[in-house]
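The structure that follows is given in the form of structure tokens.
Letters are used for the chains, namely A, B, C and D, taken in the order the chains are written, and counting of residues starts over at 1 for each.
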Amino acid sequence: MREQLLKSFVDMDEQEAVKIARELVETDGGAVAVLDTCKEAMEEVGRLFEAGEYFLSELIAAGDMFNQIMEFTLPKLQGEEVASLGTMVLGTVQGDVHNIGKDIFKVMAEASGINVIDIGIDVPHEKFVEAIKEHKPELVGMCCLITLGVDSMKRTIEVIKEAGLRDDIKIIIGGGRVSQAVMEHVGADAWADDAARGVRLSKELLGKE
Amino acid sequence: MREELLKSFVDMDEQEAVRIARELVESDGGAVAVLETCKEAMEEVGRLFEAGEYFLSELIAAGDMFNQIMEFTLPKLQGDEVASIGTMVLGTVQGDVHNIGKDIFKVMAEASGINVIDIGIDVPHEKFVEAIKEHKPELVGMCCLITLGVDSMKRTIEVIKEAGLRDDIKIIIGGGRVSQAVMEHVGADAWADDAARGVRLSKELLGKE
Amino acid sequence: MVSPEMQKLAQERAARMQAAIELKEPDRVPFTGLGGDIVAAYAGITAYEFEFDFEKNRQAAIKWLKDFPADSPVGGIGGLDNLAMSVAFVDFPDLANQFFMVNGPMNDVLNMKFARFPGRQLDEYSSRQFIGGKNMEPEEYDELIADPVKFSYEKILPRIAGNLADLGSPTSLATMARLGMVKAQQAAEMRKTGAALAELGYPTGGGSTFAFAPLDYIGDHLRDLPNLVLDIRRYPDKVKAAAEAILEVLVKWTLQGKAAGAVQAGFPLHLNEYLSPKLYREFYWPTLKEYILRLREEGMRSRLFCEGWHDAHLDTFLELPAGWGIAAFEKTDVRKAKKVLAGHTCISGGIDVGVVISGTPAEIDEYIKRLLGDMMPGGGFILGPNVGNLPRNTPIENVAAVYEAVEKYGKY
Amino acid sequence: MAVDAKQLAAERAARLKAAVELKEPDRVPFTGIGGDVIAAYAGITSYEFNFDYEKQCQAIIKYVKDFPSDQPVIGMTGLGNHVASMAFSDYPDLYPIISRVDGPTNDILGVDYCRFPGRELDENSSPQFIGREYMSAEEYDELIADPVKFCFEKILPRIVRAFRDMKAPEAHAAMARLALEKAKAGAAMRDMFRQLQELGYAPGGLSVFFAPLDFIGDQLRDIPNLIKDLRRYPDKVKAATEAVLEPLLKVSVNAKGPGVETAMIPLHLNEYLSPALYNEFYWPTLKEGILRLAELGMKSQVFFEGRHDAHLETILELPAGWGTAYFEKTDVRKAKKLLQGHTCIMGGIDVGMVISSTPAKLDEYIKEILGEMMPGGGFILAPNIGNLPRETPIENIRAVYEAVEKYGKY
């Protein structure tokens, strides 16, 4: 059953994957099995994306399937603690109000076991600092779609330094306009301009790859 | 009954006048009686207008009553010829497309027994000549509301002269902007800037006053 | 740039008008000047060109004013009253006034039922004409009374504007955009004309805006005059209630003109001539009077152009406070009006256009001399034509005779 | 206009034309680089740049004077109003006033997907498009039956606050106000284009064409929904792309005019789609659009946003000399190997470098890119994305222009 769920999920066969997951989750220990299989499937989809075989269309479809299945699986997991790889505070920087990139990344990050705290779009610098103090995350993710975000990221990281929090966290920047040069310019630890790469690098920063 | 009809008509009591006329017209010879009384009433309204006691509002109301009563009276008159005191060709001159003045005058002129041939608005000079040849009227009425009409009237009368028809007819000009000075300027026989005066002078020109 | 002499001339002209309005004796009799279709003829252009070509219109106005200077400018693009549209958009102060005067190019966009323009519905030498019609049924009085703005927008506008017949359609929305485009072009032209007039020594500030007797709105734009006259008999209470409801909307509309800098409101009176004194006092005058008083509270003067015969209603002016404004007369003899209104109302008009058309220069000189002799003493008088439109082929020597006579006999 | 300005304009136009015709011009045509930085360079806020026509024009003229290039760099002052362009596609004379939403227009219309500095955003942010789902999946059939009528009656009221009730006076007043406002903007633009002509820039601009699937994705269904539709309602999506093609072409023709003979085609969904989905849903109507535009006398300049590497070969299905491929993330060197002599290639300057690098490194960077891309012609140097942020170091920008001057000669 797990094999069929994994295969249908990775092959983007929505009806099939949801059908099998519904059956499996009813069997005892089924919920955990479904969750792990879906995580594995999402990882496989990410790998196919980075290999250039899958594209954003597949990432979005996968994220949508993952959410559908989690809707009837997570309630059954109340008992067992879901092993989380770590916590990430995620937000789109000030002046940028796009969220499409952030949302695709969030689904995949959660699917890979990262506990994501989403603090929204157009996020002022101080709000990042408050979120870091409150949730004590290992990771901070800063998204931006337009080039204007580059400067916001730089200023946000400076404010985090001034608050003496820089060394407690790893910072990854993401979005259409980031690159190695931009990462060095703003002083972040990693960059990704697609969700799959972002999840992979986040796990590396958590020392989990 | 004729007295009551005449009084209610002149007093602008529409319901009453129409009611009495309906009754009277059923009695034999009633139709002619109703027609004569209404004509007399219209003449009285015209006189009150020229005396400054009645105004256009009364002229319009009288014209409206006259038409309502004629609707059920004329069909009954088929037999006896309605004595007409003369024929008039009536039109608004070229370049002027107003008809409100012409329409009020026409109702009163017909009510006073003049057989009016209405040749419309914005009437080219030649059309007046054709209408005169066709209907051989004793009278020609030219209306205009705007000052532009003054010149059209002048040119129309010149064209009528050239067609050798000037001496067979009498010409009366009417409308808001005409006056004694304008009448002499265009070469007409009479002028009137209100319907009541227009009907009275038309009858004078027909030698009927 | 406006030369100092022209600025001084503009101030003199403005002061002359103001003195007359304030019922005083100015240095000379203020003269509004003659104009109309003749301005186009004098410049050798057709009525069509005068209505549709702003540049030619401006040149014609400038040529006319250079040869026949007066105290207020004449010429410029005119239009037909489109009050139903101003009422429909009265909640949009930046637009309501822009839609009131429909000129040639605007009518090409709107296709108004009442409009007749040279070169379009008329030959290219005819003057533009407003042909009213019945746009409302008697059964609709209650709807009009309940909300004149909503009624004018939802019911009347689609019936009178060809391209707004189907509100909410692409055509109706496109029409409004095109109207905006035409108005934008015209705003630029107006500025150019304003500058040209300033250079000819004409005052630019403190202009006049539009106003309308509430009952005339029903007569001209809703029921048509004959029907309204009959309505007054058949539905007196509804006609009165409608006039009251419309008054509120029209005052709001005129005050928008004040906000844009106007100090005077001009009323064209139409139904006045139709009504007996009794009907005039009962149906027409009450809301018109309140309108004038409300404008006065806001610091605005009114100018009433009493078309046709106004003799039977002259005394009603005395119900207004002295100095309320200007009464312009078409047919009522200004001498007769002066006897009733001297020292109370500024009187305007006096020159019978018929005389200018058909008289001789000598007769005209005598006519103007006698007129000024009777009217100038005591001030409070503005000389002008009884009707604003001289036909194209009015003899130019007659026009010159008028101006010369005013020059000769106009000094106080 | 001074003689040398006219001559300069002719040279620039010829330079660009030669590149598009896959020849070697005298110098490499350079579109210049700018964006939000234009306002910063003139010392005004983005809000002022987007809402004050005079300040906007002065800022552009100041920037273009100091940083001359082959096309005037005028920055981005608004967003496309593509649903309105389609809804009114039968009214070509309205195109100039309804096709774009700038700051003042948005104040009048209230377009749902617009965010402007000084309004929804802080005063130094840039205008942003935040679309959402404006059409439900059940409405595909209506869209297919009559896209223009559907866009007018159903979508316009959902995205434009002033058109919530199309019958209401507000909607009609908005149209009149829009025209009046655009006339003010037009007057300022005419004045700016006059000054640009004196600086040696021929008047003109770009028409626009929208890939049918992008129109559905961006303007109607929102991208995530559209992508799911590809699996759930494949036939309807395909039929919809064919149905909207005709009106979209009509919009491009409405925008055509003197000096406006090229249609800009910004792609969005290309980067999202696998080759299979790209070839089944996206490319067929985009390709037909480009071919039909050519028939209508318009060249295409396709802006391949994001990574287009997986679909690069499809460009070879177009006739040689069809137009220009403007790449954001696809490496122009890689594109050149495949498309040399077939397609004019545009791009090459990584905006990230200009923001973060140093003048010396940028000099080297431009030298290297020009060395590889100029030989054989058919290349236009341009930034990979059109918007340099306010804080971009001016010395970096100057370094780019100087490097192009130095190394740009054939």
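In the analysis below, contacts are C-beta pairs under 8 Å (C-beta built on N, C-alpha and C of every residue); 3 or more make two chains touch, one makes a residue touch a chain.
Just so we're clear, the structure is a prediction, and the values are computed from it rather than from any experiment.
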item	value
Rounded Å distance between subunit B and subunit D, as computed from the means of their C-alpha atoms	72
Averaged-CA centre spacing for the pair subunit C and subunit B, given as whole angstrom	31
Inter-chain centre distance, subunit C versus subunit D - centres from mean C-alpha coordinates, in Å	50
Multi-partner residues of subunit D (each touching 2 or more other chains)	none
Subunit C residues counted as touching two or more neighbouring chains	none
Junction residues of subunit B, two or more chains touched	none
Pairwise touch network: line, ring, star, complete, or other	line
Chain-chain contacts as defined at top	A-D, B-C, C-D
Subunit C-touching residues of subunit B, taken from the complex the two chains share	12, 14, 52-58, 60-61, 64, 95-98, 100, 103-104, 122, 146-148, 150-151, 176-179, 181-182, 184-185, 193
For the subunit C and subunit B complex, residues of the former touching the latter	36-37, 116, 121-123, 125-127, 129, 131-132, 225-226, 229-230, 232-233, 273-276, 279, 308, 311-312, 331, 352-355, 357-359, 387, 389-393
Contact set on subunit C toward subunit D in their complex	88-89, 91-92, 94-95, 98, 153-154, 164, 167-168, 170, 172-174, 176-181, 183-185, 187-188
Subunit D to subunit C touching residues, read off their complex	87-88, 90-91, 93-94, 97-98, 152, 163, 165-167, 169, 171-173, 175-180, 182-184, 187
Parts of subunit A lying in touch with subunit D, wherever the complex brings them together	12, 14, 52-58, 60-61, 64, 94-98, 100, 103, 122, 146-148, 150-151, 176-179, 181-182, 184-185, 193
